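In order of appearance the chains are A, B, C, D and E, and numbering begins at 1 in each one.
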């Protein structure tokens, strides 16, 4: 097939490649033990990584998180740092791409040798970072409400898990005497999982699910789906739509004659920032969170004032921002409780570490690394602020796997 | 002598690249940087295929993410099952689904089947799609738009099938790679070396293709499809062959991407990701042997470093790159450099 | 006025037979019921004013445009075959504007035309040496000295010869040539004509041409087409003598110049 | 009126015209003859501006129009009837004319020259016969009120009875005196009758030139037989 | 809800939107052979124009009326700028126009992000569009009817321009035979530019219509561009008739698929439909001239 010289040259290249490839032969018996930590705690500063998307579809949401992280770091530094060490933060862009998150957290942990990483927003980004942070025995603080069903030794979740947001929302609906409910969500993991929980709990509560519709993440036209809501005439609509798709949904909802008087909406992704961006007056609609800007607490007053001084008086504060702000303080408290930056030491003494957060006092559960949070339901007022109309009696202990709920059957369809 | 250089010069260049990737890089780069380089290699493998289809065959394949994804997901499914252990099922199916695994996952427990699927699935998919498109003489912009639409649809389909493919989150949390623990740095280096070795292998393959009669026929088809018909060849078959090879290369790239990046998700395979692959090929020089691979490596590197230094400006760079390269150097930077070099070195000789 | 059609089968000769061939473009009959028998060993010329349907006839016989009727070569119905199959059956053609692969060398151009001789798998091999049929064609069309030149830099006439060479390599037994000498110098025309006669001995050659000098010098048989139909067929002398042909075609040239 | 000075031009790597110079005097009529592929059409396309010159220049009224686009040359009085009875096939006859002007009187005027078009105004140009299309093409060009008219094989491929008519119109135009004409025509006898001088082009070069008139036929035949 | 009326009417509105986007493409792609992937971003520019207009003319009832011509001009000027600076160099390289305009699209998206922020900005629906009419149980929003009216008006205006105006004749002449057009005195370069201006401007009008559905956001264009191109491809080049039928067919089919399955699967199914259709008719619904594109 080849003439001798050709064969010779090709053979050389192939042999060379093969030899070189094999020279980096694998280690099948390796225990896969994590790489030695390279965090340098000897100096008078400590490096932390902030990993949020500053480009791509998620940039707007994650930028607010970056802002509150920056604020918290500046405050802590002004107050003497963590264990006397000044925070030096390394910023990275996750570019709204899970693979980039995985790459960047690897860089932060192994090249920049940060002691902990703060960030992530979408579940996809967190899932992508999880194996990396575990492999390097690093720390990740994740500030956004999510679909639960996860716990990692190397991640602290400072946003709500489902039993702190979805379930309180359902309790609220039950207390309002809701009998029929329509589910509208974006077509991805969080809404699907949330709705699975909602459906099972609704059965428990005697609420009838009269419809369930999904639209792809970037799709804006909800007309056809809203027509089904009009037809089903539900007492309430449970909205798990993500991002800009909310605008299309809200517009279609009002266009077809729906209103808070007929079928009010309860959302889990519309907060103070989003409410005014709907192009419609959404007064009277509801949202379930663990923090609203309207929360009355001294810590919240301080937080709002500091944030608006730093970033502008027109900037509202919202749940994920508060959770991010809280996460950095929690880290400070964790380190100080352990008197060490070592991950194992921190985990050792994590249980019960708390912080007097704007949303109220939050406490870490050492088993699942989530925090106890109070469930709140707010109703949007004319100023696009939320009037708190319902609150759980006390902070709800995190239960990411819903083990304490006997109606929950994870394998049910 | 000159013809020897012409024939084997590229092979020497490939050998140099092989030494750089397989000897120098592992020696000088940190594990993190090496892992990144591994990712660029995966994109480069796909880019080599695009160079074949687009540069030599004139088919602007704007949906290579689909084939990248087929390989990536096939590999990821296997790794996921490996992580779940024998009889186990992937965690996300327990979390988001009803705890049962779709039957079509089952064969991917077998490593051998997975390797077979990584080659066969894209080949079959590309053959069917290509047959439908080329036999009906759909070409040029129509072809490009259809392939891009395909990438959009593919990503939508993945996102919508949460219980089967992990949806928007994609597949990740792999622990083993054919029995090798993926957290072990030695094994990570091995996986990198395999990716780099495959890139070299693909380059040698296209080198042989380009100097073969098939390579000449492909150029002929690109430049004058009707005329080729009157040489007794069906141009559809010529294009189909190049399209299938390109698809398989993209698939191989994707298959190695999954263990190296530790994740494969719709955003790695959608229309934007596909365009990103094109960018590297355009930058490096679509019709050259090494152009697409070097371009892809450069764009991959640029994406990592530029986004580290100028997170917000990365999109501008990518956009400007498209505009500048296509407008000013349609044959790619490598050719521009090459032309300049030739002008300097031997100004009187006509280009062959 | 008709010339005798010897029955090709009786002669044991190769031939291309066209019967009632019609090409209909949305009601406009570009070729309208043409009958032709094109015998091996003769150089046939197809003449007629622009729009007479000459090129369309060739297009139809090579699968470029759909047609009705019959075009038969060696018991194969060309009208039902796709272009590349027709080529593989031994019927080749050139185009009015020479289309060679400009980036490939003369040798590569010729070599690529030899695809009919190769299995698909053989395509994956690089070319080693020069196949005998390619070397032969290089000699025949007189481009041996230019074999490593990119075809794009060839002179106009040379490109046409290259095209004819490619037909030789692909072993076309029937060659349909569309204005092969257009734009050639007088000298080149002579050479082309000689070439056609040389290779025409064992092939069927059909040439579409305008240049009457050329036709006069090299035609064995001339077919005059007009408005999609065959007006007449015969030797050069015969058609020049025909008042009918003069009326539609030659008339104006006779008084002026030899050039039509 | 129109002058090409030392024009070299071609397509891609192919050279078609090699240092060609021709001149059309004001009010004069010039024929260009030569074999197929000799470069006649390219010469006209250079004059109109559809093919850029490599070297040399094109002068109209003594002014250098080489850098001007064809449309600008048309505005300066150049009219061009290309080869092959070209028209805008999907537009009606009237629309074809209205591209130039919507003035009824001007259109009426050219319709008087080509009365055959009058009944075809609302027909799509693509459905006209070759002869009708050629009449339309000439009519359309005349509407631009050219002072310099370039005609590329105006009678080629047209049925004999119409040829006579078109030849009549062209002869009328060349006789007008206020219109200069450059004509490429295979029909040498007619070309020489209609024009005052001729050029013979061979392989992109001017090989012969001379005074027109029927007497020149033998000279042209000799020139072209080389 | 009627499972026939709703998808039909909603799909017609979707089709109308696609039609506005595709009309512009039919001009620039179909008539000029330029594959402008930034067309979606011109749509986006139109939506942002609606937003900015509302900041200036705060009465939403009036501002949308002002926004329509404004968006036409803004997107048109963007198109003109693109034509003059980039496209003009690449008329013989249609595939390259595709890639260059991909780059332009990326830059425009990032620009929108930097100027307006990545978060969508709201566009308020005028009160005269706020409401619906009950058609067999479907509360058909006025906004959807408005979209349809807008599309029909754009179609009629474009068709009339092409058919009856002197400039329309010049466009058609240039498309049919560029050289001939030039030699009858038509300044084909100017015609190209104005054609591109109009085609891009239509995208701006589409953008205003889209802003009423979803407000503005930088990624808005990418949602529509592929569907719009599929419409043009399926409709066949050179005739508006094909584009119109294809737009409504795609819109209505998507709505029905979405009704029967899910919105995600509807995208998949519609794409499959177009591919199958192109198998049957590779030239699209109507063909006027052979495919001149590489």
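Note that in this section a contact is a pair of C-beta atoms (placed from the backbone, for glycine too) under 8 Å apart; a residue touches a chain by one contact, two chains touch by 3 or more.
Note that the structure is predicted; figures quoted are calculated from it, not measured.
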If a chain touches chain D and chain E alike, it appears here: none
Two chains joined by the most C-beta pairs in contact, as defined above: A-B
For chain A paired with chain D, centre-to-centre distance based on mean C-alpha positions, whole Å: 75
Euclidean distance of C-alpha centroids - chain A vs chain E, Å: 37
Separation of mean Cα positions, chain E and chain B [Å, integer]: 32
Geometric centre distance via CA averages, chain C-chain A, whole Å: 74
Sequence positions of chain E contacting 2 or more other chains: 110, 222, 262, 264, 267
Per-residue multi-chain contacts in chain A, two or more chains: 6, 55, 187, 214, 216
Sequence positions of chain D contacting 2 or more other chains: none
Contact set on chain E toward chain A in their complex: 1, 6-7, 10-11, 13-14, 110, 113, 117-125, 130-132, 137-139, 141-144, 210, 212-215, 217, 219-220, 222-223, 255, 258-259, 262-264, 267
Sites on chain B touched by chain E in the complex: 58, 60, 132, 136-142, 144-146, 148-150, 152-153, 156-157, 159-160, 271, 275, 278, 282, 312, 315-316, 318-323, 326-327, 330
Residue ranges of chain B touching chain A (in the complex, touch as defined): 7-8, 11, 14-15, 18-19, 22-23, 26, 30-33, 35-36, 39, 94-100, 156, 159-160, 162, 166-170, 172-175, 177, 179-187, 189-194, 196-197, 200-201, 204, 208, 261-265, 267-268, 304, 307-308, 311-312, 314-315
Residues of chain B defined as touching chain C within the complex: 208-209, 211-214, 216-217, 219-220, 223-224, 226-227, 229-235, 237, 352
Chain B contact footprint on chain A (complex, rising order): 5-6, 9-10, 12-14, 16-18, 20-28, 30-35, 54-55, 91-93, 95-100, 102-103, 106-107, 110-111, 122-124, 127-128, 130-132, 135, 149-150, 187-189, 192-193, 196, 214, 216-217, 410-413
